[in-house]
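The structure that follows is given in the form of structure tokens.
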Amino acid sequence: MFDKFNISNIVENDGVLISIVGYLVVFTSLLLLAIIITYFQKALQTQQRKKLKSLGHRAADSENLSISGEVSAAISTALYLHFEEKHDLENTVLTIKRVQRTYSPWSSKLYGLREIPKR
Amino acid sequence: MDGINQFIHFTGFANLTIEHVIMLCIGLVFIYLAIKKEYEPLLLVPIGFGILMGNIPFVENVGLQIGLYEEGSVLNYLYFGVMKGIYPPLIFLGIGAMTDFSALLSNPKLMLLGAAAQIGIFLTFMAALALGFTIEQAAAIGIIGGADGPTAIFLSSKLAPELLGAIAIAAYSYMALVPVIQPPIIKLLTSKEERQIKMKPPRAVTKLEKMSFPIVGLLLTTFISPGALPLLGMLFFGNMLKESGVTKRLADTAAKPLIDIVTILLGLTVGASTQATQFLTQESILIFVLGAISFMIATAGGVLFAKFMNLFLKKGDKLNPMIGAAGVSAVPDSARVVHTLGLAEDPSNYLLMHAMAPNVSGVIGSAVAAGILMGFLLKVF
Amino acid sequence: MDGINQFIHFTGFANLTIEHVIMLCIGLVFIYLAIKKEYEPLLLVPIGFGILMGNIPFVENVGLQIGLYEEGSVLNYLYFGVMKGIYPPLIFLGIGAMTDFSALLSNPKLMLLGAAAQIGIFLTFMAALALGFTIEQAAAIGIIGGADGPTAIFLSSKLAPELLGAIAIAAYSYMALVPVIQPPIIKLLTSKEERQIKMKPPRAVTKLEKMSFPIVGLLLTTFISPGALPLLGMLFFGNMLKESGVTKRLADTAAKPLIDIVTILLGLTVGASTQATQFLTQESILIFVLGAISFMIATAGGVLFAKFMNLFLKKGDKLNPMIGAAGVSAVPDSARVVHTLGLAEDPSNYLLMHAMAPNVSGVIGSAVAAGILMGFLLKVF
Amino acid sequence: MFDKFNISNIVENDGVLISIVGYLVVFTSLLLLAIIITYFQKALQTQQRKKLKSLGHRAADSENLSISGEVSAAISTALYLHFEEKHDLENTVLTIKRVQRTYSPWSSKLYGLREIPKR
Amino acid sequence: MDGINQFIHFTGFANLTIEHVIMLCIGLVFIYLAIKKEYEPLLLVPIGFGILMGNIPFVENVGLQIGLYEEGSVLNYLYFGVMKGIYPPLIFLGIGAMTDFSALLSNPKLMLLGAAAQIGIFLTFMAALALGFTIEQAAAIGIIGGADGPTAIFLSSKLAPELLGAIAIAAYSYMALVPVIQPPIIKLLTSKEERQIKMKPPRAVTKLEKMSFPIVGLLLTTFISPGALPLLGMLFFGNMLKESGVTKRLADTAAKPLIDIVTILLGLTVGASTQATQFLTQESILIFVLGAISFMIATAGGVLFAKFMNLFLKKGDKLNPMIGAAGVSAVPDSARVVHTLGLAEDPSNYLLMHAMAPNVSGVIGSAVAAGILMGFLLKVF
Amino acid sequence: MFDKFNISNIVENDGVLISIVGYLVVFTSLLLLAIIITYFQKALQTQQRKKLKSLGHRAADSENLSISGEVSAAISTALYLHFEEKHDLENTVLTIKRVQRTYSPWSSKLYGLREIPKR
């Protein structure tokens, strides 16, 4: 079954070239995406800190803008219990309450079908 | 007597072959794994039952219009969405509408792990070439290493429709078997200390970042790899519906009835496409072997790249190299495998959120790879 | 003035015929029965409104693309799923996902009642042959006696598409009229003592039995009658999704949005297919007469076979012969008719659970019959 | 309308043959299905009783493995009320509570789309 | 190096033109308006994202099957429902299933306002003719003034498919901009006293009236304008499902998953149909200008006709002429605009319920108009 | 862009004719619909009043058959609050409680798919 194995098939078909270009491109796109996201976030945080300052807050440090360790631990615990299938707890901890908007005639949104407008 | 003879001639018993029996057993195994082991049940149950339905023996091409490959049959009509690559983008739409990219946004450098694991695709591609597959077939086989069912089906439907069944079954089988395949490889490539590394809690992500991500992601990835547009366009579109905050209604529908309907039809027909008379060939077996290798290489690629990144990171920022394995995608199973391994080493080490970042970027990575392969191979001029 | 003339020429008023008026009235009667009497409203409202929509008079074939039989019209596109037999299997998928086969599993011998009632199919088939219908048409007409809308539509679309409208309307009409048709026949064929027979409470059914049933059922019935695969495959697939315990999400979608969407489209287009210019023929009327006879024979067949079985059962195990009438299917109406009749005789005799067993096996029975008829008649060689 | 009635049409078209074969096959398939189910159940019960015994229960008789008469009566009553449209009771008696699993990001199950794994 | 060159040649960067940039910006503006201003988000988000997806630059017609206009691409398959006019009637089905016609039933004379506002359609039709559009194109452009997206798409797909993208985008843009367009016109045409007129509370409507309305409405409107059958038939069918009281299950599905799925696919593909290489023409710009004029004329027509009606109504029965503006449809935005303006004049004057009557009858009015235009222009003989 | 404007295009294409006929037809259909609805309602009310009378009620006047002013005001207020996005109130005021019918096996309604029958 593997007797047909012939490395020259790869070269003849540009296999190496395609692979190298392909792998590089995959890397490049995700790298660029990562870089853009990082810069975007920095720009946002700078802006946010300015706002907070102008509102009279003490210079907000990066800690304040992130999830604190405790919160993270709580989430992790919840997830742990979740995956361990402690069902009773699971439903308490992770249930996300969704309030479905009712579509009364007045918000039926023919065509527009739009959600209820703010303002 | 004539009528009875004719009736008997048409029964499944009269047309049964050993190949049918083998395929029926495979179908039963799929269903068993789905129910008993809960390996990817939402896909293995439809695929497994589809295998059963596709391997009920019958007299072909006499106008009964039963089989998936007979024009005019119901299965044939439903298979249209697989053959034309319509179902996979719709599944990506639903997936986008249920995916929270926060983990990835809070630590963008982890995206590189999702890129690294795609090495499995390209090495398998070359191996398949060496084994004598055509270049289009080799590309479709390689994408199994992307560990994304819809991407594999989409690329196969465009490049090598004749292998679609085998590739789809292989991709989903190994995705289901991730908890079996990955742990030994991860353990082989990491030391106990590495496996115990704790990572900093991820930072919070603002609504604006989450809203902007689908737009930035769409523009960047599809400008680089336009062939990925059908898949990534739909993935990011679904995510836009979710994160916009004003289209919850549409996101809910994309993430529930729409994706469910498509999953039912895709799973069933992919399963039924394994009709014994067409499926049990040496090629199919080769594809399965290559697929397994592909998954292993991808896992190793992710883990080794994480170790490589650690060389450049300062002490408190080091990665737990196990999360590299989640870069293969097979979302969310490989992330969960990593999490479980982490807990085994240190019951207070919760790696899931960290592993989700390479996990979802692996999805983007393999879709980009699929787009590039299409760009190279679908050229007409 | 020319413009006004042309406009008037195009209005429904200018093209109205007496046939249109008759069909519009029939549509109104359907809607009335659905709302006022609650006879099968989920089907009669769409069909009734479809009859109205299909009988708005217009100038045909001038490119307006209004009518169901005009290529390119919306109704024509939606009718595709009826014509090609795609909708019925999808409805069976949803039905499978909402059916609990416990009643049948707890007392398997009651399945024979579901087989016995299919006599209606074959006797009507022969009657239709005698009346000069072609053999394919006769088979499609006979299946009305199966009392299963999707099965009737599926077989007609394959064997006698020219009669599809009339057969579908007849099948659904009589299914709606089961509470009117069955009681006199049941009473005629049973004594008061028989109608008062109480049956043993059914035993509990384990999860494993329920999970195995769709697999065993699929393999056995489609090996015997491969032509039934599109219908029974989907029915058992839906039931597998329901009973697997790990695919609830998919079962929910199959049992609600999917089946609802298909029901809406099927009902509407089947109704609209009764366009007066094509529908009001002697053939249609004959089909209605044969359909009524078919239902009566089926009912009698079920009841009489139950009495026949009683000859072989010992005292405490005797069946209440009325439950044989539920073997025609028309689920769940005929089971409910039996239940109501039972209560009328003895207010403490709850027959519903017992009647459900022949009721659902009647569905399997007529799908098997449809498969066999296809096997005999769709032969090409 | 019925003037064309001609019994010879049936014979010429193999109508009788098809009908007899067809009806027999329908019977056979449901009969076989019934037999298989019955045997399958017996096998299961035997196995179950062995298990119960080995766990130290008194030899479980078939009664114990079935719905008891009282339960059945309760169900029947519920159904009766149900069909009589005693709406207030109906909703109390027959409502099946479904706890929908929430799809949090961590169980979003891209591709895999799988339900939460046990173990 | 060759491979890299080829890869670069295929990227979006290599194929980017200034037209692509313009269209991408328009897409971003749509998304911005949807999220920030909440203008019709359920449509503007899909359309906006569709514009982005449709304007990722790529090498066309080399078999990549990416673009909406390339046969075999996913977007092309999904666009089928737009091109063939299938999606709009399905959206009308959902709309019918969520619309309560009580407001209209309780004060039928307000329906005339919905008729009056259709003047925008016909004046724009003539203007487009004068500007050199063909008569079919002119009719499709005129229907923008009907302020109903599905109606506009449906008529364009039948009469002028080459303008479909521009017409759809124009229609939805102006529907989103109703809160900007209408107030100045309303204020210009009414005095302060008129804007303060309070109207009698509407009377209650019985269930029987609501149930009969879809039937009476269907028969009357489609007898007069059979070409409106696909749209109005579905609208009234949906409403029948809602009001029958026995088909709640079907109405729920039509009003939620079905309409959502269709809205997602329609919005996305209409957006993607604006591919720069085909969209940015002088014609498209003309269509936008005509569309704006059309909305203004329609608004004025409704308001002026309300003032005209007041001449014949006795004192206590006078209409607040602002509700005439709601006759353009653009449901429910224009009704809400009127309501808001009413509150601005007198915080105790609640006009919403009154404005809903012309609002929903405007939908019927423009569908009738579309049917008539089809009757005049689709003639083959 | 507008330089091609030529009014004779309209006349040549029967534009005026089509517009006038079209507009008239739109008016006529909605007018007829309005008239039919009005007469239908009058017929209904007459019938209803007869019934009420025959049941011994005092002659029911039209007021009794309509929404009273107070109710209407309440609805308007609710709607006003609704659109002003007083969210807390909104959910209280406008939520419509839907009791979803359960589809137990016994009401699974194969084929028939019908809702639970009354009687």
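So that you can tell them apart, the chains are marked A, B, C, D, E and F in the order they are listed, and the count of residues begins at 1 in each.
The definition used in the following text is that a residue touches a chain if its C-beta (ideal position, glycine included) is under 8 Å from a C-beta of that chain, and two chains touch if they have at least 3 such contacts.
Predicted model, so just to flag it, every value in this text is computed and none were measured.
Set against the C-alpha centre of subunit D, every other chain centre is closer than that of E. Comparing the CA-atom centres of all chains against that of subunit F, the greatest distance is found for B. In this structure subunit C contacts its sequence twin subunit E using mostly different residue numbers, the overlap staying below half. Mean C-alpha position of subunit B lies 49 Å from that of subunit F.
Separating the CA-averaged centres of subunit A and subunit D is a span of 44 Å. Each chain gets a centre from the mean of its Cα atoms; for subunit B and subunit E, those two points are 40 Å apart. The set of subunit D residues touching two or more other chains comprises 18, 21, 25, 79, 83, 104, 106-107, 115, 117-119. Touching of two or more other chains is recorded for residues 3, 7, 38, 41-42, 224-225, 246-247, 249, 256-257, 263, 336, 352, 372, 376 of subunit E. Listing the residues of subunit A that touch subunit E in their complex gives 14, 17-18, 21, 25, 103-115, 117-119. Residues of subunit E that touch subunit B in their complex: 3, 6-7, 10-13, 16, 24, 28, 31, 34-35, 38, 41-42, 45-46, 49, 52-53, 56-59, 62-66, 72-75, 77-78, 256-257, 260-261, 263-264, 268.
By the touch rule above, subunit C contacts subunit B in their complex via residues 84-86, 89, 93, 158, 211, 214-215, 218-219, 222-227, 229-230, 233-234, 236-237, 240-241, 244-247, 249-250, 252-254, 256-258, 372, 374-376, 378-381. Residue ranges of subunit A in contact with subunit B, taken from their complex: 1-2, 4-7, 9-10, 13-16, 18-23, 25-38, 40-41, 44, 48, 62, 65-69, 71-73, 75-77, 79-80, 83, 101, 115. Subunit E meets subunit F in the complex at residues 105, 108-109, 111-112, 114-116, 118-119, 121-123, 125-126, 129-132, 135, 138, 201-204, 206, 208-209, 212-213, 216-217, 220-221, 224-225, 246-249, 282, 285-286, 336, 339-340, 343, 350, 352-353, 361, 364-365, 368-369, 372-373, 376.
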